[in-house]
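What follows are several structures.
Two complexes come next, and they have one chain in common, chain A, joined by chain B in the first and chain C in the second.
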Partner chain A sequence: MIQQVENPIIEVHDLSVSYEKKPVLWDVDLSLPSGKLIGIIGPNGAGKSTLLKSIMGLLPLSSGYINILDKPLKEVRDKISYVPQRESVDWDFPTSVFDVVMMGRYGQLGLLKRPKKADKEIVMDSLSKVGMEAFKDRQISQLSGGQQQRVFLARALAQQAEIYFMDEPFAGVDAATEKAIVELLRQMSAEKKTVIVVHHDLQSVARYFDWIILLNMRLVASGPIENAFTPELLQETYGGKLTLLTEISELIQKNRFPNRE
Partner chain B sequence: MVGDAISHAVLPGIVIAFLWSGSRDSVTMLIGAGILGILTTFLIEFFTNKGKLQSDASIGVTFTWLFALGVILISAFTGQVDLDQECVLYGEIAYVPLDTIVLASGLDIGPSAIYLLGTVFILVIAFIILGFNQLKITTFDPQYAISLGISATLWNYLLMSFVSFTTVASFESVGAILVVAFLIAPAATAYLLTQDLKKMIILSCIIGILSAIGGHFLALSINGSIAGAMASVAGVLFGIAFVYVRITSRKVAKITSAEPINA
Partner chain C sequence: MLENLRNFFSFQDINVLYVSLGTIILGASAAVVGSFTFLRKRALIGDAIAHAILPGICLAFLLSGTKNYLLLIVGAFISGWVSILLVDYISKNSKIKEDTAIGLILSVFFGFGVLLLTYIQQSGNSAQTGLDSFLFGKAASMVQQDVIIFSIISILLVVMVGLFYKELQLISFDENFARSIGLPVKGLIFMLSSLTVLAVVTGIQAVGVVLMAALLITPTAAAKYWSGYLPRILLIAAFIGGFSGFSGTAISYVAPNMPTGPWVVMVLSLIAFISIFFSPKKGIIAKAIIQVRHRQRIQDENIIKTFFQIAEAEESFGEPKTIKMIREKRYYSDKLILKILRRLKRHGYLSQTKEGYFLSSFGQKKAARLVKLHRLWELYLTDYLRIAPDHVHEDADTIEHLITPELEKRLEEKLGYPEVDPHNSKIPYD
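Coming up: the complex of A and B.
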């Protein structure tokens, strides 16, 4: 079930990516609608993060191309924003919360340019959106996992982009942070931003996303949640993992027609 | 540790530059060493990224191999080369004031090391001021930097080239061991004392200057090796900072553990 859309915000065409000659993504061809909350779902090692990184131009492609807003990545870099996995950086780096969020403005600043007052206001505004303004002078080494994730989100917000890519923003965060992040995602979606999230937890998929991409090296499905989040497609995605399959069918019963608050 | 690697790996560059030009002119040697320094960085990055080696393994393989090559070159052409490993490795800072530049008019304008290292100093400061944001973001989160359109590879190579040139220019006058000591010890001490990058840079400069002055007087008083005394003082300063931070952080821990009782 791969549903293509008219006027896609992102178009991935015949994408294959491999590490050391071993393919990780194989012939992925999809198009995504704008203004949606999109989840990338699949088992460990399915290439979820790889897909995200390929779209962001962080990995060399074996074949295929990607267009964002009908243009190659280089021309639209200022319209996209990235939230990497929390573990990807050294949190003992000597810097403060404010400075990390200010990095979101660096794309607009050139050599030697110092942040202006407007940049500082954007940074404070982004911090307040994730409820971290009280922590602005805190050293990043003194943050909890959930707070680290909020700082990363604030940094992405400070870019004031159109499209947001988030790599497992819910991994290892507390319940309060998860709730805060979900609210933020809904708010962004209401402002017609497109948010693409690599997600791990099947339990919450139906509650969080409008559109899902099911991935296991190959693209299994890409479509609106009501069409793509089905037992057959999930079985196809998660393949022979039997213990998981029973869990999945239970989940689907529970989440079949989710209420969206 | 890349600084350590570079300081050893540039040896073949120095020897080849000498063999090729036949002079011990410092600019020629600096160019030879600088090229090898960048090559070292490039090889280390290459082994780490493409060869999937751990970074300490790729550093170890690269610099020992290049250093060994340098030693062979020196021993094979030992008759023609007025260079010895001892001098390259340990340097002799006491001779620096003797190697002066004398103008055609006969005027002595002071040690050549001052002009060479002074130039490097100004270049490094300019580089840090100009590229502060870029250096910071590419070090902290290279993938995010790339997503903003800031090339992490470019800035990493620029940084490593500067480390390479600074190392080469300095060890020509003070020897590799002092260079490595001063690349790492003052910065490590500053890292213990502050968590702000700008303060850390300034503080490590101050600690470096204190180590140099302290080491100089220590060497005078015991009539020992100047380089050894300076590196020792840098180590002692690190030790003091370490003990100081341990004691103060224990105090903080006591206060926080008492808080719930008061509340």
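Coming up: the complex of A and C.
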């Protein structure tokens, strides 16, 4: 069940990606509609984060290309926003909540430019949207996990993008933060933003998203939740490992063999 | 010796003033540049660069035959960069991990550098005088021209960091995000490495290449104990770096036979040591004091609670309790109990008469609250975590000291103000 769409906001064409020489994504062909809340679902090691990072241009591609808003990534960087996994940074870094959210403005600001008053207002506005304005001068090392995640989301909001990519925003957050994030996602969706979320918890998938991508080293399904979130497709995604594919991948890594000429 | 000291601090010799200013500037600048290497967790790379520029300097000298600083800097720059690239190449394309690669490259380059240096010294070239101080530094051997060149480079380095402050901060905190917004991350890292090479170069004569790594890393490591905010850390690090540089110069004039670098490192390390131990919030001693306070609080509260427990068992609320009675309930030594009782008396929880000790009304309230928290938590553990009633006492004994008034309220509401705990003991409310 892979549904392609007319005038896609994101088009992934024949994407293969290796991580440390080991292929983790094989020939992903995907097109996504605009203005939807999209969940990327799959087991551990399925390549969910890898797909996100590839779209953001953070990993070298073995094959394929990606178009966003019908253009290559470089031309639309100011229209997209990326929320990395919370654990990917060192929260002991000596900086304040305000300064981290201000990083969301750097893309628009450009090199060598100082933040202006308008940027500061945008930062404060983003902080209030995630309920963190009272924490603006707090050192980030003093935040709880949920608060850290909110700061990351505020930074993304400060980018004022059209498409948002979030890597596991629900991982390890408290119930209040989870509710706040869901609220935020709905709001963004109402404003016609497209939000793509790597998600782990199958139970909440149907409540949160209106389009899902099922992934396990290859694309299993992509479509509206009512068509793609079926027991058969989930079984195909989570059940029965593709042992042969895994073994080939490991063989490629071991022998440092190219998976494309 | 004393005379030297007086001479130095009178700054009558204009050269002394120049060299002092110069070392302050280069110390501060190296600290600022080094901050970002430190924050990117690449402290060892600074050390590798510091060692690896030696062969570059020597080769530049051999080829030109003069001590032309511009050429020496070019040589240092090239060999510094070759070492960084080699470390990168080895860690990416072999099974050798980065720290091992750094160790390998550092020693090969430095070994080669010392070979060349020895060769130069024995070649009898008259221009080579002073080159031997490149290893461990000799601030006093600097002349005005050296000072001016190195100071200008140092100031330029700080200006560059200032200009690219927001980008350097971002790539140090979240490199992937920096790349996602299209920052030229590779270019910025190249720039930072180049600044590091140049920072080491500025210190070759005053501090020596070998120990410049300390001036890159240690000020930030120490500054992190005094602040948690990057702009302030940079300022403090700059101050520490400048001060250490200056003190090295002072030593160099007062004791002319001493190499400067080791003294700079000694001063630096002393500051770092003081920071690690005595910083008021993050220092080891401050943390130890907090530990002791916690332990005392637990002991105090346990004894207060014991008063309540004895009274509850014997229905003797308001009657005096003796140390012997307390010890039967709480297995502390007599000495410890006496100490705690004294502390509690001082804080107004207790009063003492001939018959024994009484809880004040303040103390009684506290005792009832502690018992309540203990029993509520036991109930929470059995009801919500499904832990057997005979296993919850130890947990509750710790947690009762930690629960804040807000948590207390939530706990009461969640459990619905229960009457008794899992062992059927009554829960006391105000």
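Everything below uses one rule, namely that the second predicted complex is superposed on the first by the 238 of 261 C-alpha atoms of A that agree within 3 Å, B and C clash if a C-alpha of one lies under 4 Å from a C-alpha of the other, contacts with A are read in each partner's own complex, and residues count from 1 in each chain.
Criterion: a residue touches a chain if its C-beta (ideal position, glycine included) is under 8 Å from a C-beta of that chain, and two chains touch if they have at least 3 such contacts.
A quick note: this is a predicted structure, and the numbers were derived from the prediction, not measured.
Novice: Look at where chain B and chain C land on chain A after superposing the complexes, then choose clash or fit.
Specialist: clash
Novice: Who does A:N44 touch here: chain B (first), chain C (second), both, or neither?
Specialist: Neither partner.
Novice: Should A:G107 be classified as contacting the first partner (chain B), the second (chain C), both, or neither?
Specialist: both
Novice: Could you tell me which stretches of chain A are touched by chain B in one complex and by chain C in the other?
Specialist: On chain A, the residues that contact chain B in one structure and chain C in the other are 53, 56-58, 74, 77, 80-82, 84, 88-90, 93-96, 99-100, 103, 106-107, 109, 111-112, 139, 141, 155, 159.
Novice: Which of the residues in chain C come into contact with chain A in the complex?
Specialist: 39, 41, 163-164, 166-167, 169-170, 172-174, 176-184, 224, 227-230, 233
Novice: Okay, in this complex, where on chain B does chain A touch?
Specialist: Its residues touching chain A are 52, 129-131, 133-134, 136-137, 139-141, 143-150, 191, 194-197, 200.
Novice: Hey, which residues of chain A end up touching chain B in the complex?
Specialist: Where chain A meets chain B, its residues are 20, 53, 56-58, 74, 77-78, 80-82, 84, 88-90, 93-96, 99-100, 103, 106-107, 109, 111-112, 139, 141, 155, 159.
Novice: Tell me, which parts of chain A touch chain C in their complex?
Specialist: 53, 56-58, 74, 77, 80-82, 84, 88-90, 93-96, 99-100, 103, 106-107, 109, 111-112, 114-115, 139, 141, 155, 159
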